[in-house]
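Written below as structure tokens is the structure these notes are about.
Letters A, B, C and D name the chains as they come in the text, with residue numbers starting at 1 for each one.
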Amino acid sequence: MKVGFVGLGNMGSVMARNLIKAGHTLTVYNRTRSHAEELQPLGAKVARTPGEAASGAEALITMVANDAAVEDVIFGPGNVIESLPAGAVHISMSTMGVALSHRLVTAHRERNQHYLAAPVFGRPDAAVAAKIFITVAGPAEQIARCQTLFDAMGQKTFVVGNEAPAANLVKVAGNFLITTTIESLAEAFALIRKSGVDPQKFLDVLTGSLFAAPIYRTYGAMIASDNFEPVGFRMALGMKDNRLVLAAAEEAAVPMPMASLIRDRMLAATAQGMADADWSAIARISFREAGL
Amino acid sequence: MKVGFVGLGNMGSVMARNLIKAGHTLTVYNRTRSHAEELQPLGAKVARTPGEAASGAEALITMVANDAAVEDVIFGPGNVIESLPAGAVHISMSTMGVALSHRLVTAHRERNQHYLAAPVFGRPDAAVAAKIFITVAGPAEQIARCQTLFDAMGQKTFVVGNEAPAANLVKVAGNFLITTTIESLAEAFALIRKSGVDPQKFLDVLTGSLFAAPIYRTYGAMIASDNFEPVGFRMALGMKDNRLVLAAAEEAAVPMPMASLIRDRMLAATAQGMADADWSAIARISFREAGL
Amino acid sequence: MKVGFVGLGNMGSVMARNLIKAGHTLTVYNRTRSHAEELQPLGAKVARTPGEAASGAEALITMVANDAAVEDVIFGPGNVIESLPAGAVHISMSTMGVALSHRLVTAHRERNQHYLAAPVFGRPDAAVAAKIFITVAGPAEQIARCQTLFDAMGQKTFVVGNEAPAANLVKVAGNFLITTTIESLAEAFALIRKSGVDPQKFLDVLTGSLFAAPIYRTYGAMIASDNFEPVGFRMALGMKDNRLVLAAAEEAAVPMPMASLIRDRMLAATAQGMADADWSAIARISFREAGL
Amino acid sequence: MKVGFVGLGNMGSVMARNLIKAGHTLTVYNRTRSHAEELQPLGAKVARTPGEAASGAEALITMVANDAAVEDVIFGPGNVIESLPAGAVHISMSTMGVALSHRLVTAHRERNQHYLAAPVFGRPDAAVAAKIFITVAGPAEQIARCQTLFDAMGQKTFVVGNEAPAANLVKVAGNFLITTTIESLAEAFALIRKSGVDPQKFLDVLTGSLFAAPIYRTYGAMIASDNFEPVGFRMALGMKDNRLVLAAAEEAAVPMPMASLIRDRMLAATAQGMADADWSAIARISFREAGL
């Protein structure tokens, strides 16, 4: 397919590579142009604006940092919304707010463009191996049309509804569950460590029995060893995601005390100099509170 | 082995059956005698007191409801502590408090009896299939000696230390993680449902990607369908376990805000008539708060 | 003084009356014009735009519902920022965000206008009696110049700093303390009532001893009697104020678990049909959770 | 009146002095005998056991550290329950558990002794000045009979019911409100300080307006100045009181999230070396979390 790709950060750049590898034709854009130029030797064309990446594309993928960046790319100067051909599809793969996704539904519809929300689960190493999980929502025929793209980037695609914002909600709710897993492990390990029990043995029990899931293995190992390097997902990005779930909860009038707790943990971590640490480093707050 | 078995509730009775099936010789005791008599046709001898079950045993297993029951069985009238032969081992498989486990270490040592803590993870259906997980701590040679028993009852034994209370701590910390999983799923599904997204599709994403663990499948299905029958583990027992982790946290001076939240959820559930519901029914509190 | 007054809601209209009563010359503006016209018989001139109220004024007071309304009045069409004479002072008496207050500092300075933030504590009945408390921050000479206005509207003026946003922060932090008082009383009365003790007697102890403050008398009486009428301050406005303190906390990286709890209580109240109830009706959430 | 007085700590010794000063005849007992002997020059007789203090008394006052101490004094060796004359009244002025108070109701009734619960609000300096507040519950005629004693010790007596445990519940609920006041001030001052606003000015606003209550002046001053000396009430005692309110809440099935938060704050303070600090030093946890 003829694909425009906007946003070549940790995740976006490897996802774009996987698309190229699968034989798709890419025009790429990144604010910091050098990241785009790295893909030139592989055959990608480098665009000077997001609009240029969109122009003539069958599908335009956005994978940018936050809602403001999505708005800028889509509605800003040199933007996508004016350049994407009618009949083409915008696939927003960023983790973004439900409210903004509703706005994109309307904006694309007005221009006879199609729109899918397709946020992903997985850290950069999973993206490299095309092992991320893609959660997609939007019109069924557009999802079918883009399946070849999803297959090139991820190990599995989950279709969660035919209204795009459903996928964004599933993503922010899923990320919320990652954060509660981190915090609950943090509290449990604070207790285990302070009581003199071997944290590694506790981790073995968890991941060898009821909690035999990737998420417990990944974060359990970091927390058990009190070592949060390398940084897979920055605290500041985690705070952004926490804000998204809190905003969705406010919109729907749903109290989520655990989301509020995560907010306070991340603020404490930020206040204590961990804004650039991996988001699992909120465990350090539990450890410090316990006097460890 | 010649085994005394005290406590034939949902879990205990099937664990005892599995021991008999594996060829061990059992003398069983239960407060409600009829539960013990059900094992007679299988070859078990029925004791009139816990002490009688302990007398002459190589290993005495206790699987009773709470700390008070353990104290009663071990130290009460017709008790175990006076009857268990020197050199025999008491295997306490109940979920019980760390403090009481410390007390048992001392009491058994004074009488040259051995003592292992070996609490289990798994619901009754897992116990029937000998698929529970056993977490054991205590002297290595005693663990080795009892391995044949553990193998008859469970699918895997985790040795977490050579001081028995370590296993009790691991168990209460593990149960804490089950409760935080339930509560976090409850909040996430409240958001998903109230926002009009299909809860089953959300569950598919979770259990098909990062959260592919038994615990998410079991409780996710109950919460996604808002159906908490059949009752696998009663709320009142859940509160007991929550008290155990809070007591351990207080003893160690470790703040655990999520454990406190679970306490408040369980109290709300109890106040609203759910004391006998499955503990996962705390999800109903999140649903009600959200006006669902 | 020659005063422009924008925003004639419950609070603003009585504050404007008190200014007229004290001999000041008022030009008033309100979005719903009829509220402005009610002040005509008292001698107020009615403006067609906020800018018209500002034009020629020595002081321009704004007392509007929220940040969006402040922005609209100051920066929107027919706005204040272009009409307020150089040398005149804008007194923002709304409860508003710290960030917006910083923006006003800059905007007014650029035009050689002065700016004070002067939010108030007190419910409408206190405003009628000129018994509200005014918290003001900004340049000392401007505060001195406007003292006559403050004296006409309130019983006491607190100067909290010479940077306007300090007053906004004090206000949102003060409102936060009102909400924590409400919630703590709610929990205490839930316990008292459910345990069968007379709530009125408990209230007498509190207000007759350590908690002999207006806030405990006002809200204690409502909560003790489980009667939240009449509505003094709507839940939806309370949520707005809660958002302001959470925003300030996020800006400063300060975890405030009690502010998070209040958020969740207000969301639950909203979800359960209390968006238009008095904000103290969050007590009903505690009562319902306790099965009362 | 002929009064036995057991428990001469910070509070008890000054309360006993005030009784002597008012003309009552005291027989005093304290575990550390020297504290009792200090009252001899004032005319008190020193007893060797609690029972001896009770023997022959018209009223026996207990003012001891915790539930265990009350149990020991009343039911232990050389105890009160066997020595207090029929028709005499036991006035329990300690902060103690509701459950234990119920037990005392029964135990005294069986021996035709009377029983009042009369816990107090106020710190030691208030006790010296006979300015404490006394909350009493029990049979009306016994309260009337003891009024002369209450008048000698406190500035005001609140009768909250004719079942003694009501007073204990009011006391633990009142103490809960003191702790929530401390914590809410802690969070508010963390925000104020970190945002660069003068904490003293914020305190002036609070205590000069809606929060003009002793509790805000006392604790506000300590928290605003980040100075928690001298120690008026130790953290470890505060934890005891928190346990009492949590126990009452559990007994009544009332979720109290703020009580849970206080528990976690006090555990953090204890873990960080503040077990012997004033209980208001939990504010340091908020300050540290905010990076102050």
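Rule of thumb we're sticking to: contacts are C-beta pairs under 8 Å (C-beta built on N, C-alpha and C of every residue); 3 or more make two chains touch, one makes a residue touch a chain.
Worth saying up front: this structure is predicted, and the values here are computed from it rather than measured.
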item: Of all other chains, the one whose Cα centre sits farthest from subunit A; value: D
item: Contact-richer chain pair (by C-beta pairs counted) among A-B and A-C; value: A-B
item: Cα-centroid distance, subunit A relative to subunit B, in whole angstrom; value: 38
item: Centre distance in Å when subunit A and subunit C are each reduced to the mean of their C-alpha atoms; value: 39
item: Multi-partner residues of subunit A (at least 2 other chains); value: 194, 249, 253-257, 261, 264, 268, 271, 289-291
item: For the subunit D and subunit A complex, residues of the former touching the latter; value: 194, 257, 264, 268, 271-273, 285, 288-291
item: Touching residues on subunit A, where the partner in the complex is subunit B; value: 98, 121, 133, 135, 156, 158-161, 166, 169-170, 173-174, 176-178, 180-181, 183-185, 187-188, 190-192, 194-198, 201-202, 204-206, 208-216, 245, 248-249, 251-259, 261, 286, 289-291
item: Sites on subunit D touched by subunit B in the complex; value: 249-250, 253-257, 260-261, 263-265, 267-268, 270-271
